[in-house]
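In the two assemblies presented below, chain A is common to both, partnered first by chain B and then by chain C.
Our next item is the complex of A and B:
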C-alpha cells in the first residue's frame, strides 16, 4: 500500500505541475461568467441554462483531464526510460499500475472538487439556495464514473501502442456510451434475431457510464437520489474499474518492458 | 552572387499587390448580398443560414425545460410530445398530441433500465405548475409558476437562430405577459418579430391580445385584429384548403370585443365569420340566435 501511495502522490504532483487543469478551469470559468452576464428579457433570476452550460463544461473538462492524464502515464515512463529503474525497486508491476490508477483518480477528484465548488458558487449566487446534498451526490457519482474511465484508459495504454490512438479510442467509447448506452435496449428490441440478442448482450456488457450523469436532476432542482441507490451505483462503478484494472495487470505482466 | 535585397523586394511587391487587391475587392465585398459581415448577429455570421436548422432544436429544448428534463429522446415514443406542450398551452398553435404523456418511458425493460430511472427525471411535471420541486402536472395548476422563466433563454436563442419562425414569438410573448407579468418585454419581442416577418397575422393577433388584455386599449386591439384578419384572408384565405385555426381566434376575439363595446351589427358580422371557421359551428350559431333574440329592433348600432 505504501508503494501504491508513493506512486500515486507523484501522479498528483504531475497534475498540478502541468497546465491542463488550469487552462480548462479558467476556460470553464470564463465561458460561464460571460454567459452569466447575458440578460434575457431583463430577468436576472434565470439560472438553469447557466447550470447546464457549466455542468457540460465540467463534464468535458473532467473527461479530458482523466483520459489524457491516464493515457500518458505508462508510455511516458517507457519513453523516459524510467520504467525499468522504477521496477528495479521493491515495486511490483501490479503496484505500479494501482499507484498510477489511484493517482489519476485522486487527481481527478481534486479537479472535480474545484469544478463543483465553482459550479455551486455560480448557481448559488443566482438561486440563493444551496442543495449541498445534491451537489455531493452529483460530484460523487461523477468521480465514480471517472474511476471506470481511468481504469479503461489505463488498460488501453497497455494495449495500444501510441497514447494518441488510446486517447481517441477512449473518447469514442466514452462518448458513445454516454450518448447511446441508455437506448441500446430499445434499439435491440426493434431488431430481428440474432442481432437483437447480440445488441442486448452488448447492452448488458458495457459499463453504463450514463447512469452517473445526473446533470438533469441538478439543473432542474429534482430532489436528491436515495443514498442506497447511490451506494449501489458506486459499487457498480468499482466493480467495472476493478475488472479493467485486473485486465490491465494481466496484460502488463506479460508485456516486455523495453 | 545573388542580391540579398531580392527577398525584401519580393516581400514589398507581394505586400503592395495584397494591399491593392484588398482595396479593390473590398468595394465589391461590401455590396455583395451574400456577405455575412452585413449582419451584426454573431450566430448569423458564424453559422449563416445553417442556423435555422438548430432553431427547432432549441425550441424543443425549451419544452424539455418546461418539463424539468422529463422529455422523450429520439428512441422513445413521441406521440404525446409532437406539439411542444409549452406551445400548446398558450393556444397559439394547434395541438396534435395523442397518447399517454405521463408514460412515454413505458414499463422498465430490464434491471438496468429500472435502475437508471433513478438518475434522470422520470416524472411528468410542468414548470408553470411548480416543476420538479412542486407536484406532477396531472395534479392541476396549484404551484409556483415563476419557474417558467427558465424556458426563455432557449426561446430567445431559437428566435435568434431563425427570425422567421413565428411560433417562437407568439409562444414567448404569451409566457412573458401571462405568467411573468412582463408585458413591455412581450410587446417588444412581438414587435421584433413583426419587423422580421412583416404582416404576420399570428403576431398581429398576439399583439392585439397584449393591447386588449394588458393595456386595455380596445381601439388599438381592434385595429390590430382587423389587420390580422385582412392579412390572413390575403395569405391563407386564397388557398384551396386554408387553415382556419388563427382566423377563428381572430374573429372570435373581434366578435367578443364588439359585443362588449355594444356594436351589435359588427359583432353579428364577426359571429357569422366565427361560425364559418369554428370546428363546432352549432355552438356559435346558438350565440348568434341568442344575440338576435336579445337584440331589440333598431339597436344594431355601429361604431362611429
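Our next item is the complex of A and C:
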C-alpha cells in the first residue's frame, strides 16, 4: 500500500503544480460569476438556469481534468523514461497502475471539492439556502463516476500509444454514454435481430455514467436520494473501475518496456 | 532475499535469449541477445561493452525485468529477476532520462526513498549524503526543469544511490556529459568501488572503462564475444581495450595483431572463436 500511496502522491503534486487545473477553474469561475451578475427576467430569485449552466460547466471541467490528467500518466512516464528507474525499484506494475489510478482519482476529488465549494457559495449567495446533503450526494456520485472514467482512460493509455488519440477516444466514449446510454435499449427495440441482441448486450455491458448525473438534486432542490441507493451506485462504479483496472493490469503485465 | 557469500555472484545470467516480436511481422526478428551467460561477483566493477545495437541495454532490461526473456534465466542476489524483491538492493541509472520536471531534487529522492520503504529520518540523511556526493546540494530545492543535462544525469545517479544499493546498474552513465561531468561520474564509481559496492555498467567510453573496471565483457550482435579482467589483457598483450574491442567486433585498424590463443591464455572466455586478421587492414564488419 505504501508504494501505491507514494505513486499517487506524485500524481497529486503534478496536478496542483501544473497550470491545467487553475486555467479550467478560473475559466469556469469567471463564466459563473458573469452569469451570476446577470438578472434574468429582472428577478433576483431565479437561479435555476444559473445553477444548471454552472453545473454543466463543472461537469465538463471535471471530465477534462480527469481524462487529460490520466491519459498522460503512463505515456509521459514512457516518453521521459522515468518508468524505468521507477520499475527498477521494488514496485510492481500493478502497484504502479493502482497508484496512478488512486492519484488521479484523489486529484480529481480535490478539484471537485474546489468546484463544488465555489459553486455552492455562488448559488447559496443568491438563494440563501444551503442543501448540504444534496451537494454531498451530487458531488460524491460525480466523483464515483470519475473513478470509472479514470480507470477507462488508464486502460486506454496502455492500448493507444498516443495520449491525444486516447483523450479523443475517451471523450467520445464518455460523451456517448452520457448522452445516449440511457436510450440504447429503446433503440434496440426498433431493430431487427441480431442487431437488437447486439445493442442490448452493449446496453448492459457499458458503464452507465448517466446514472451518476444527479445535478437535478441541486438545480431543483429536490429531496436527497436514499443513502442506500448512493452506496449501491458507488459499488457499481467501483466494480466497473475494478474491471477496467484488471484489464489494464493484464495489458501492462506482459508489455515490454524498452 | 537470499544472503550471499562473497564468492557467490551478485548478478547471474544463464543462457539468456531475448527476441523482440514486431506486430504483423511474418518472420521472427533476429535475437537481440543470444544464449548469454555471465556472472558478476560482489565488489566488482564490471564493464559491459559493445557497439550500438549489440544487446547491452536489452540485457540490462531483461536483468531488471522490463522485458521478458525468450529463454534462460537471470538472477540478482540469487533471486529471479521476475520477483520485485530482487530489486530491493539495486540502484539503476537508465540512459537519457528526464525526471519529473515539476519536482525538486529532494522531493524526487524522497519519493524514491518512500518506495524502498526507508524510514523518514534515514531518508533525510541519505538525501543529504547523495546530494553531496553528486554535488547538487546547492540546487536541491530547485525544480528539475531548471537543471542542465549534466545536473539531470547527476540527479539520476543520486536516485540510483538513495537506497545505499549493494549493486549499481548504470546504462551509459556518462552519455551526453561534458569532460568534467564524465570525470565526476568516474570519481563516483571509483568511490563506490572503494566502499565495496558492485557496479555493472555499459559504456562506449573505453578509456573510462579501462580506468575503473575490474572485468569487462564485450557483446556483439547479441553474443558474448569476450569476458575477462582488464589488467590481465593489458599486461599480457600490450594491447589496450580499444584495440581489443575493435578486433572483437571485426573492425580492424593498424596495430599489433592479437592471436585468439593469447586471449585464451589471458583468461578471456570464448576468445578462440574470434577471427583476428593478422593484416592491418581496415574494414567494417557486416
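Please note the rule applied: the second predicted complex is superposed on the first by the 258 of 258 C-alpha atoms of A that agree within 3 Å, B and C clash if a C-alpha of one lies under 4 Å from a C-alpha of the other, contacts with A are read in each partner's own complex, and residues count from 1 in each chain.
Quick note on the criterion: contacts are C-beta pairs under 8 Å (C-beta built on N, C-alpha and C of every residue); 3 or more make two chains touch, one makes a residue touch a chain.
Keep in mind that this is a model prediction, so the values were computed, not measured.
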- prompt: Does the chain A-based superposition show chain B and chain C clashing or fitting?
  reply: fit
Task: Look at A:176 in the shared chain and tell me whether it touches chain B only, chain C only, both, or neither; answer first, second, both or neither.
output: neither
Field: Angle, in degrees and to the nearest 10, that opens at chain A between the C-alpha centres of chain B and chain C
entry: 150
Task: With the two complexes superposed on chain A, say which partner A:211 touches: chain B (first), chain C (second), both, or neither.
output: first
Query: Comparing chain C with chain B, which touches more residues belonging to chain A?
result: B
- request: For A:80, select first, second, both or neither according to whether it touches chain B, chain C, the two together, or no partner.
  value: second
Message: With both complexes overlaid on chain A, does A:9 touch chain B (first), chain C (second), both or neither?
response: second
- request: Scan A:91 for contacts with chain B and chain C and give back first, second, both or neither.
  value: second
Message: Between chain B and chain C, once the two complexes are placed on the common chain, what is the minimum CA to CA distance in Å?
response: 38
Message: Considering only the defined contacts, which chain C positions touch chain A in the complex?
response: 20, 57-58, 61, 64-68, 84-85, 87-88, 90, 92-100, 102-103, 107, 111-112, 114-117, 156, 159-160, 163, 169
Task: Could you pull out which chain A residues touch chain B in their complex?
output: 40-43, 45-49, 141, 182-183, 185-187, 189, 203-204, 208, 210-214, 216-217, 219-223, 225-226, 229, 232-233
Residues on chain B engaged by chain A in the complex (per definition of touch): 65, 68-69, 73, 75-76, 109-110, 112-113, 115-116, 118-121, 131-133, 146, 149-150, 152-154, 156, 176, 180, 182, 185, 189
- request: Report the residues of chain A in contact with chain C in the complex, numbered from low to high.
  value: 2-3, 6, 9-10, 13-14, 17-18, 80-82, 84-92, 254, 256-258
